[in-house]
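Next up is a structure, given as structure tokens.
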């Protein structure tokens, strides 16, 4: 458990620091376009991805993918360079923050559109008999897209090994979930006969997510059947870049409960400082390589 | 006369305010359009405060947004739906093509569908392949679907007003992202601007730069490219090259008849579009000219468009892909020195 | 009740005879294209439409709309002429069987696409304060289309006065419902918080449908809220025109249980014969007017 | 050599059978495609019996059908998805444009999307406004999305084979409903047919009718119009009018370079397309010719297309709207007697 705590902390803290860095680079004008960070939701990325078999499983994500991407392959340099539009980015700077690909990891910037694609990937892996399962991450707001339900239906009909992870961070851009989603999100896959798991808001931390994801992954792999996992998190940062119209006291309250800070407290201070220092050092090295004027990684393309 | 709105964005904003105040049937709907945010590009800013019962924020459901707007229009409202990025208009293709554009004709004129879909198109901001496209070409040539794109030289609010209050057919209303912050030129010394009635109901703009003498080149374009075009026209004037530009407000239906005589007289025509080259708007524009006055042209029509590729996120790659002021100017020079 | 039985019988028998006639005209080459008949499902049309206020309520239907159309406005001549491509058709022959419109009645040939349109109509009527409710008819197969769920969500969020009627006739074209719809159709609107009613297959007849529809309509009108009504019927005829690959004995078994025949038995034979004769006479008059060579209604356009 | 398949439909059917037998990666999916029905137009007939594990019937979910096919393609399969009527391809616009066509380029060539979407287009059967359209124009000019439409003069099975097994980019494969029952002409005395390599990988067909002498007209068209065209060419031959026809298999990308010399020599060009007039395929085809050999033409290019309107259900109204053999022939005569 201590080992897992360290591992999870290192991954979550890496994600946190990378995204804070991206926001800073953005405000410095070193990157442009848009940046959606998962501050406060790192537990989703780390809890789910660590429940997978990184060698063979297939992952689809969305516009808010940095956490998933780092938890998957730990390619911090490739990510930052990509967001910065450098040739050393994982997609040569072509994709940018919303359009990432590496090995079995894929994202796109169209809400919901990747869900049937993931469903097809699950069908391909099943057909190949690879034993791989497919995971697709969605936000609460994305549950407004019809193609998600088309995918539920097909995944259930065909018994596809796919895990739908809905990260309900309570908002879609500026819209609170209550204004965009009728009824109960946790019931949305039920009428398709899809087994469902939930991590309640009060339970949301990396261990709860990890346990829930392990159960889900075991089910999906053993039964070759879909599973719907609803995680109730909270987005601590703005939707993207700057402006945030939410109630400040609401945000502050949630910062008090930051899952990463809570996890940090479970580590001996010295260990934690060592990990933090290593992450800072790594980040500095990467940033220097990417942004140092003379660096070959700094090639425009 | 009210004071001229300062920017393209402000013109659209105040047109929406005025229409909602004037006509109870106007309903505005879309994602994240409520105050204080007021929409991703702020076009609906202030509306939900002023008209809380007629500004509806929606789930992320582009097909249903347009579908709901269709139903509103069929039942007597004049809905204005916003699609947050033009890239997502693909999701509403069926509602636009097989529903909005068909009802009136297939029900033998017994209904009308006075629907306006507003959406921002275009790149230049590093949003990457799925948030930077100019996808209006998909919807050009769909019978009974009007596609309108005000340029900087238009009164964008007036075009929007016509789409919403006066056009009884569905209108896809294209706003280029780069135009929002741009100040509308208004009367000034750089350009001689006149509005031409091309029969579509949406004025075409005829713009002369400030160089003397008969124009050496005719540039036909629309929408967002009016921004680099304005720059180019000013620059050409400084080089003493007289140029005429023509910017239809209605992309479809497209009627270039009013500019054919100029095309024949000038003989050098450049057609520019923001979308990827191949098919799309400029071939249609070009054939209208070739068919009518082809033999009078001095040189083949020169077309400029984006590269037929994804729009990269990286700034320098994006600029290589899209049409820029320097590419426009280079094309003009090449045509001027050809033949 | 006797009055209602007669009324319902007259409407259902009219629908049955019109559609049998259309199939015959098709096989005679007098109409072309396609014809989707609702043989066996007349109770859906008659039960639901009679629960509405025909003056103000708004109705959206689909490719299998003849029954709904006749139950709504009883315009047999306008329908047959439309299907036959005559200028006297309700849409001048432009729309044909799948694209009908009359007053507050609309259909389209794209599965599912009309559902958000109906949702928007409900929003318009609510906004106008007309007191009208909107009904939209869907088939079981159409529950595969994502936009249906987008519409559920919006209808529930906005408390729209709309009744979704799913007529589960057990097949979508050649595909049995079990192969196209995972889980339970009756649960599909539940996660959106939409009240749901069901008429089971063994209860399916015009009175059950009528009662269920009345309850639904009352709820929708009084609460200004959506309702989902699942009717489990059976399609006695082919999907369209000719070929039908279903098991013949299955079809024969259902013909034994034809809801229209069962209703007929509830009428005194003399009454029934009188009604039948009147329908035949009316039909003959209409057909003569439409297809007689000299008729002005026979104008090509 | 295997015996030549009798009809266009049989050619497609046997190509699918052969590919599935040959390559385990081929998966066929779509609505109602299982035996005994075998699909609304029977193209998949027999497949599910022969390959029960690789022929998947789907719910009515066009967006997800194409989405699932995208995922299959990304993960190493070579999916062939059927959209029952081309009219419904609107529902898959987002999957085609923002997913299938983008993955390879936006992921910097690290993946490929060898996906084929087959769909029947076209009218003439009285199916009415939502089941009769030729909507391929929507997808022309989408970067990296190939649009292919075999004509009667092609070997449709070979084009399908190339799309499915050899083309690593997504292909929208258009089959005109009217062609299915048509026998493929094969070698015969009416036509001199040759296949031209236009660089797209999908042969263009060059067809001469049996009249002597240099051709008087060049007709450029594609797909389903090859049927009325064949009739027209035969008729012209009887009238001793020599005509050359050119039918690209690849609509997009479109490369008319191989026919430019003929266009210049003949001087009279007619371009025909099945979809509604305005925008679409024929303007692009026309500008390629105008740009290259405009001054050599004897007359403006004559374009023939359907009326820009819904396609009515009623037979006589439908015929008035769509392109027919007699409209084609009339256009040819007019061009021949012009100038």
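Each chain carries a letter (A, B, C and D) given by its place in the written order, and its residues are counted from 1.
To be clear about the criterion, a contact is a pair of C-beta atoms (placed from the backbone, for glycine too) under 8 Å apart; a residue touches a chain by one contact, two chains touch by 3 or more.
What you see is a predicted model, and the numbers here were worked out from it, not measured in a lab.
Look at the CA centroids: the one farthest from the centroid of subunit B belongs to C.
With centres taken as mean Cα positions, subunit C sits 46 Å from subunit A. One simple way to say how far apart two chains are is to compare their mean CA positions; for subunit A and subunit B this gives 37 Å. Shown for subunit D are the residues in touch with two or more other chains, namely 58-59, 61, 63-64, 87-88, 91, 94, 98, 102, 105-106, 128-130, 310, 312. The set of subunit A residues touching two or more other chains comprises 92, 94-95, 99, 108, 110, 143-147, 150, 153, 157, 179-181. Under the stated contact rule, the graph of chain-to-chain touches is complete, every pair of chains being in contact.
For subunit B in complex with subunit D, the residues that touch the partner chain are 87-88, 90-91, 93-94, 96-98, 102, 105-106, 128-130, 135, 137-138, 140-144, 252-254, 275-281, 283-284, 286-287, 290-292, 294-295, 297, 300-301, 303, 308-310, 312. Only residues 143-150, 152-153, 156-157, 179-185, 187-188, 190-194 of subunit C touch subunit A when the two sit together in their complex.
Listed in rising order, the residues of subunit D touching subunit A in the complex are 27, 53-54, 56, 58-59, 61, 63-64, 66-77, 79, 94-95, 98-99, 102-103, 105-108, 110-111.
In the complex of the two chains, the subunit D residues touching subunit C come out as 31-32, 34, 36-37, 40, 57-61, 63-64, 87-88, 91, 125-131, 310, 312-317.
Only residues 58, 90-92, 94-95, 99, 101, 106, 108, 110, 113-125, 127-128, 146-147, 150-151, 153-154, 157-158 of subunit C touch subunit B when the two sit together in their complex.
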